[in-house]
Amino acid sequence: MLTREDNELLTRVGPETPMGTLLRRFWFPACLAEEVAEPDGPPIRLRLLGEDLIAFRDTNGSVGIVGAHCPHRRAGLFFGRNEEGGIRCVYHGWKFATDGQCLERPCEPNDSEATRANVRLKSYPTMEAGAAVWVYMGPPDLRPPFPAFEWARLAPGQRTLIKRLQHCNWAQAVEGGVDSSHISFLHSKTEAQLARDPSVNNPLHAADRHPTFEVEQTEYGLMIAARREASAEDYYWRVTQFLAPFWTMIPPVGTFKDSSEAAYDGHAWVPIDDETTWTWSFAANPHRDFTEQERLRRGGHDGMWGPVDEQFHPLLNKDNDYRIDREAQRQNSFTGISGIPNQDAAVQESMGAISDRSSELLGGSDRGVVMFRRLMLRLAKDLAEGREPDCARNAAAYAVRSASVILPKSTPLRKGAAPLMRSS
Amino acid sequence: MLTREDNELLTRVGPETPMGTLLRRFWFPACLAEEVAEPDGPPIRLRLLGEDLIAFRDTNGSVGIVGAHCPHRRAGLFFGRNEEGGIRCVYHGWKFATDGQCLERPCEPNDSEATRANVRLKSYPTMEAGAAVWVYMGPPDLRPPFPAFEWARLAPGQRTLIKRLQHCNWAQAVEGGVDSSHISFLHSKTEAQLARDPSVNNPLHAADRHPTFEVEQTEYGLMIAARREASAEDYYWRVTQFLAPFWTMIPPVGTFKDSSEAAYDGHAWVPIDDETTWTWSFAANPHRDFTEQERLRRGGHDGMWGPVDEQFHPLLNKDNDYRIDREAQRQNSFTGISGIPNQDAAVQESMGAISDRSSELLGGSDRGVVMFRRLMLRLAKDLAEGREPDCARNAAAYAVRSASVILPKSTPLRKGAAPLMRSS
Amino acid sequence: MLTREDNELLTRVGPETPMGTLLRRFWFPACLAEEVAEPDGPPIRLRLLGEDLIAFRDTNGSVGIVGAHCPHRRAGLFFGRNEEGGIRCVYHGWKFATDGQCLERPCEPNDSEATRANVRLKSYPTMEAGAAVWVYMGPPDLRPPFPAFEWARLAPGQRTLIKRLQHCNWAQAVEGGVDSSHISFLHSKTEAQLARDPSVNNPLHAADRHPTFEVEQTEYGLMIAARREASAEDYYWRVTQFLAPFWTMIPPVGTFKDSSEAAYDGHAWVPIDDETTWTWSFAANPHRDFTEQERLRRGGHDGMWGPVDEQFHPLLNKDNDYRIDREAQRQNSFTGISGIPNQDAAVQESMGAISDRSSELLGGSDRGVVMFRRLMLRLAKDLAEGREPDCARNAAAYAVRSASVILPKSTPLRKGAAPLMRSS
């Protein structure tokens, strides 16, 4: 439960808001590189943190992420000509480089490098990594090093990346990611279904639906560990990291002894604005290439994070009640909704665009959620008082893997799981 | 004409508003019983008085009307599992009885009856009567007795019930119901049509289009009588009761001497929120069962209150200009719009979602409308000052019938019509 | 660039706003005469300067433009009966003449000419000219003479008129009309296309894309002249008048010596409300009848100002990105968008419904735009202080023609072009 004031603080991300200012201290994915694949190809529209932008790849292959409106008379640059090293407004021909510098004002009789020296289009620095174009929307002099996400550094064959549109605030999406407790319900099968086919669920989830949570603050954010009884002697541990400002890691699901040979997944929940979010899903296999089947499953439009259409809009969505099948809900799955991301979207979007956290009743199983809010509110308030967030500049801290492991009850998690959680 | 302040007071029905507080002192229909026919069937969404709710029928057949959001983390209970005596949220499995009591929190390690004693979902008492589920949304200690509406107590064969969505504030819909004057115009035939087929209209309406109104305050609300010249010796009386807070009665239409053997109809205009209304239409035949044809006409989706689709949305609506036929308007009917409820919806919705009553020009024929507003404003203001509305607790007062009767001019209406207007 | 306050002042046109008050001092087109062709035909909905209205042609052929709501109980008069000299509300039968006078209140027992003397429906004076119905929405005692637009006085064969809906504020549409600079870009062909087919563009535009602007205040508004190099000895002049409050003239395009035998075109940008505009396009040929082909091109739904549907909504619009063809944008035309009005709409609508003029960077080529704003802001501020706009009453001042002409550099424009710019 939050006060109304803290709920506003947590959720509002526009320019000048405290949380928006904090998020602008980090690099994050803006679009898929394939969306602006072609040099001199058509620009695309972007909206990020409540700002209307466009992205385009110039003649030399650099990607520009710039304001959506020409600074001359505010015409939309989406309709612009992307040609010969810049984007040209079709209204009067003003042209801009990816860094926002005005290159030409052909309608002006006295146009020259000198007269246009201070003519600039809003522009943000970009990077390409892991099949995404990344952006940094903060103050130029505070641009941080690029975070050491393993998936973004792996060879193309060892990673996947896909996104989908979500109709709610970023924070309630993140809260789904840091909440290990819900997987035993939202994503579970009915007992009838398990009786028919015991292979469909993780017996370790089904056996103990009351995990104990350990949440620990780290240099990157939070290490959230859910502990379940595996046997009389062992615990089953599932580690779901939260990496500031909006990343969550998904531990491998399985019944193996540990996840040291496993691929892992994760999300970024990038705010489009206060009420809409891009849900990014990545996968990383540090040990080998994904098979084609694995690639389609993890990274395809019709894979485990879909189905989504050409614009990455989910086909199961709030307008069609996520195609809930009430008979399936009786017989097979807890929700009657097909697909984990659609189950997540159903509960998260049904809270309303911005959930009213002032009327919640939290329990012991919400510890990850509570710690996430506390951390982000503190970072935002600190920054508002002039204290920069350390994690934004600590690139190496982001080299972590999620993990799952069965350990003797006597072994502390930190000791038993540490090697699993660090990437090269 | 009202001041802007009184117009706000009359029309706003959300929680904490004076009129909303008044309406919450009464039982009223929430949905058709058939919408939640099946025990353990899918919940349905409701919106009433600006509050988002769901309704579900539990294993024992009790109907719960409860808040739309789980009190734990605000997930939508529409997606919930209705099973074994309660509705279970699919996010973390919290389960609630129809009275709102939390029955289980399976995600909590220390869940017990004691720890969840104070965990409640918003819930309102319900009743079933007359094929509807009724709800009381006021303070528990002020729950009134169930009003003695005759139609809701008749055998199923002697009553019908249907609803339709209306896109305007409840009060301007009620005003159509208390306004006997408009039927000589809005619902009338053209003179050309009457010349072709005199049977299509009530000659008593056509003969005297300037009725005189007598409006009298009663224990249930208002008795509104329209008096027309029937002959040199007789008056034709038409009594349209208004029963607080939003019921109107429709007198039998015909040329019989009196309505003592007639069926009658009526409406409830239940606010969904300030700008949308459920228009309920009931019929009662105290004397015999309706024939199948009469049932379809009064209670069917394609009957006299339709046509409406599966969700009770009218097929003739503002988006298609109620399929007005300008040629029919010239030749046949005053409006060119087919069907009485569609004619009413056209004029009421065309005033805007909330009519600007500060710029009206009322006349003598608007007496029913004026008295309705005066009564409701007084009841709301009284309640705001702590005086409870007597009518809400006077169940017996609601045992009234509408009436139409031809009486000698020398006979006072009260004397001549009293027996017609009281139900058993 | 404007302050936020001046941007508000320039763009807001509702009742009581300073600019809305100024615009209400002028006659302007309300609808096409063909939209209310038939006496006693169906009324149509109009929205002008933020006011909801209807138009209807009465039995005698007079067109009434009146408030959309009956003053009795606010029912929509769009559903009214247009019959025997007036529009009759279908709710209770009140009837009104085109001048707003109430003619009948049949529901009232004591209706008489005396009792309804002060019962009036809002009504504005109308005129018919040039295939349009014109309206004057200002104070009755300040009704100005009808402006001497040549096109509205020509024989039907010598003029055309068409309109289209535009989704932005009227002022940014006008700014496109007074901005001669953009035609060398927005409406131009690519060099590749010009190389393939030199006939597709005006070589005088292509040869000198940096015109020099002369803007001069006149009794009707502004004379905006764009001067380009035609040869070593000559200038090519293009005169785009702005006539207060929202008219712009389009000079003939061609390579002829002068436009004395040419037809010309023009626009009115009539505010529907702050965020929507009717873009009217007229053509005038003072010298001869248009051919059928010319008529279809200038005045047809599929002509040069279209394509538009039956309701005059453009088929190429913001919902389909004006059907931009990126390959055509590379190869053929500067925008890849087909049709001059669609190119204009793309840039104007892409600025947002109301462009944020406080964050522009204007240059020397924006002189027409700057002068337009300055003039209109001054007229609005003057009127707010009680000084009436002279131009509104100067009907003769509107008898102007646009012009294009090649003149020796030594000849002043005023001297060389004056005869071309005055209509009879």
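So that you can tell them apart, the chains are marked A, B and C in the order they are listed, and the count of residues begins at 1 in each.
In the analysis below, a residue touches a chain if its C-beta (ideal position, glycine included) is under 8 Å from a C-beta of that chain, and two chains touch if they have at least 3 such contacts.
What you are looking at is a predicted structure, and each value in this text was computed from that prediction instead of being measured.
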The C-alpha superposition of chain A onto chain B, two copies of one sequence, needs a rotation in degrees (nearest 5) of 120
Count the residue numbers both chain A and chain C use at their shared interface, divide by all numbers used there, and answer same if that is over half, different if under half.
different
Roughly how far is chain A from chain C, centre to centre by C-alpha average, rounded to an integer in Å?
48
Residues of chain A whose C-beta touches two or more other chains
none
The chain C residues in contact with chain B across the complex are 41-42, 69, 71-76, 78-79, 81, 90-93, 105-111, 119
Interfacial residue positions of chain B with respect to chain C in the complex
175, 181-182, 184-186, 209-210, 212, 321-322, 324, 326, 329, 334-335, 337, 343, 346-348, 350-352, 355-357, 359-366, 369
